[in-house]
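Please find one structure pasted underneath; my questions will follow.
A, B and C are the chain letters, set down in written order, and residue numbers restart from 1 in every chain.
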Amino acid sequence: MASSRIEVLNQGGYRSDGRKQHELRSIAIDLAPQGVADGAATITHGLTTVLVSVFGPREAKLRSQTLHDRATISVEVGVAAFSTGERRKRSKGDKRLLELASTIKATFEPVIQTALYPRSQIDIYLHVLEQDGSLLQTCINGTTLALINAGIPLLDFVCAVSGGVHVASPLLDLNQLEENDVPHLTLALMPKTKKITLVTMETRLHVERFEEIFRLAARAAEVIHQEMRAAIRIKANTLVASMGSTRATVDGTDRDGNHMDED
Amino acid sequence: MRPPSPSIPEKEFIQISLQQSLRIDGRQMLEQREPSITFGPELGWVECGLGKTKVIAQIEAKIVKPTPERPYEGIITIHSELSPMASTEYDTGRPTEEEVTITRMLDKVIRRSDTIDKESLCILAKRRVWHLRLTLHFLSDDGNMLDCGCLAGIIALKHFRRPEVEVIGDDVTIHPPTERAPVPLAMHHTPLCLTFAFFPPSPTSDTTSALVLLDPSYLEQRLSTGLMSVALNAQRELCVVHKLGGVPMEIGEVMGVLDIAVKRAKELNRLVEDKLEEDWNTRKRIVEVR
Amino acid sequence: MNILPGEQVNAQHSKLKLGPGLLQISVGNASESAPQPIIATRAGTLKHSSNRSKWWIESNSRRYVPAAQEAVVGIVLQRLGEGYRVDIGTAHSASLDSLAFEGATKRNKPNLKAFPLLSFPACVGSLVYARVSLAHKDMEPELECFDAQTRKAEQFGELKGGFLVRCSLQMCRNLLDPKYFLLPLLGVKFPLEAAVGVNGRVWINAKEPKQIIAMARCIEAADPDGGGQDEIATKKLLDTLDV
């Protein structure tokens, strides 16, 4: 295999893209509105970019799908043909995409307060623009932001991060090359309670090694949460400012009582 | 038409009884239904049942040309379809979400976890390889079809014997089972899948950790607030961990569940080995002696 | 006498009445001396009344076909303006008019809050014990929660608490038979409540969850379509359960 010639972790402790073991890739978040969507977010982790738009709560297109006591959530994932190095068109019925969509749906179902909107539907559309590993992580983080942006009530953020183990050294936020080579997992965490809503792993790994990377990834997810929260706060402040309110910023203290910077 | 969701009294009763660690079929919280394993007359045909959940797995092997990307590897394909036979919930046509989850998990547990040594399935590089086709028929659904399907698939692979092949130069000779004893597949390990279901704890208790139960029945699966599937082998190696959404859990709770899975996988592995040996002893006279 | 589908039944009576599983087919011209033959359409035991005027086949199945005046246990699927849509395990869901309750009249439109004592199922997913008031093959079945003559509830209405057990139709009929061993056997051990529908659903209730579980397991064990255990074996099972 071509990838095995590149060292995942070299003697100096650097990874193939120059990162340290526990270093995350740069995160870019864009919360600008897109088209007619009720909420949207574009999130970039390194070279993986996903665009998420959220519609709803609105009347379900199919009446048969409505639930009498809560809203249904529908998730669709599309992948741009140019997103990978090799141009490749994926069909809509691709099992991997269906699985990704159902994973995202299952993750957000208990987090979104669906009971507030009976007989309605919330649609989440994801479009993968660039792929360089950690796709599930990017999709989940993007969906959280888009849902917040759309004003849909959530119990908490959902912050996801991927991790892997190379020989015996844990790595965080894997890129495509690392993902092909080392056993990896993705977890999603709710930062307020520090509880895990999602764990997936599909490669062989010993239980003890799993525990190590699992605990490390849970801490990394909290770091990602900081970034996501900061982006939401900036967006909220701009909104408040443009409303022309005298108190031009949202309350400077968050619920933890920490004083946040007002910008 | 989909069957209606469980009624309110059913929902409430399951909740209350589980809080007292009572299950409706009389099992302990972490007790699996005893798997029933029946082998067919052919090698690689097995019927596996967990309670009323039943799955048939069957293996066929044929010789094909390998794919150009992997000229030295055999091919394994898994075919599984949840027909309306298993439960009125499944329909032909567009696969339901559960079906996607089951097929993807089977693929991960059996194919992607390197269970079968694919290179050993190569007969003649770039020309001839074995193509194994595992077909799973889901016969009835009483909860936890995933574990049952994985177990059936793995046992079928272990039970299967392919005809022996001899290669001299470019000539391939396939020896029918009547001439030479067929050979078992080269397997790296035996992953077994265990599914846990979670229920919210009783409001009066002081813990916030969820109630955990192994091998949910149909009703338990429908009413649970989350499922977690773990595939692992007896050597304490996790192959697949799969927890999608559902009730949020603390890290310690997740690790606790994994510990239970490790213990149970060892027991289950022994059971599988025993059953296979038992069956093999009855066949020895027919197959091996030549 | 056991009979298989297609077999001819020699039933003759001036006022012949055919029950489930029997069909009179028309072959050519019928005459007084050679009436149209009667065939069985199900496998089961052929039974007849003592004066040989009523004939039927007793067999076991899981699918319920509604018949008027039978008591059933249903699950509320939907609340409509005029009543409820109820699943009773038939091919089509049944309708339950909100006027088909005790004390409900057209002028006195039932309202959940105003009639807390009336047994109106509050929401989707509730269980109701009702009687089939109309069963016609071309119409969806209709239910009522009172006796049409007396307009009294007669124990019909919403079933609260407890648990729902599904069993074969024969098991339901057994449970309704006062001579059947199971309910008295359980009743000796602990006080219990049961509402048996003939549609393969039995609602059970007792004080302790483990008693309810014992009931559910015994019903499953004694079901001729399930465990098929007799009185002695069921008793043994019950003794192993700590109730």
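A few comments on the model shown:
By our rule, a contact is a pair of C-beta atoms (placed from the backbone, for glycine too) under 8 Å apart; a residue touches a chain by one contact, two chains touch by 3 or more.
Note that the coordinates shown come from a computational prediction; the quantities given were computed from them, not determined experimentally.
When chain pairs are compared by their number of contacting C-beta pairs, A-B comes first.
On a Cα centroid basis, the chain most remote from chain A in this structure is C.
Centres computed as Cα averages put chain A at a distance of 52 Å from chain C. Taking each chain's centre as the average of its CA atoms, chain A and chain B sit 30 Å apart.
Work out the mean CA point of chain B and of chain C, and you get 39 Å between them. Those residues of chain C that touch chain B in the complex are listed here as 75, 77, 87, 123, 125-127, 159-164, 203, 209-210, 212-213, 216-217, 241.
For chain A in complex with chain B, the residues that touch the partner chain are 95-96, 98-99, 102-103, 105-111, 185, 190, 193-207, 210-211, 214-215, 218.
Chain B makes touch with chain C in their complex at residues 4-13, 16-17, 20, 22-26. Residues 68-69 of chain A are the ones that touch chain C when the two sit in their complex. Residues of chain B touching chain A in their complex: 95, 97, 100-101, 103-104, 107-108, 112-114, 189, 225-226, 228, 232, 236-251, 254-255, 258-259, 262.
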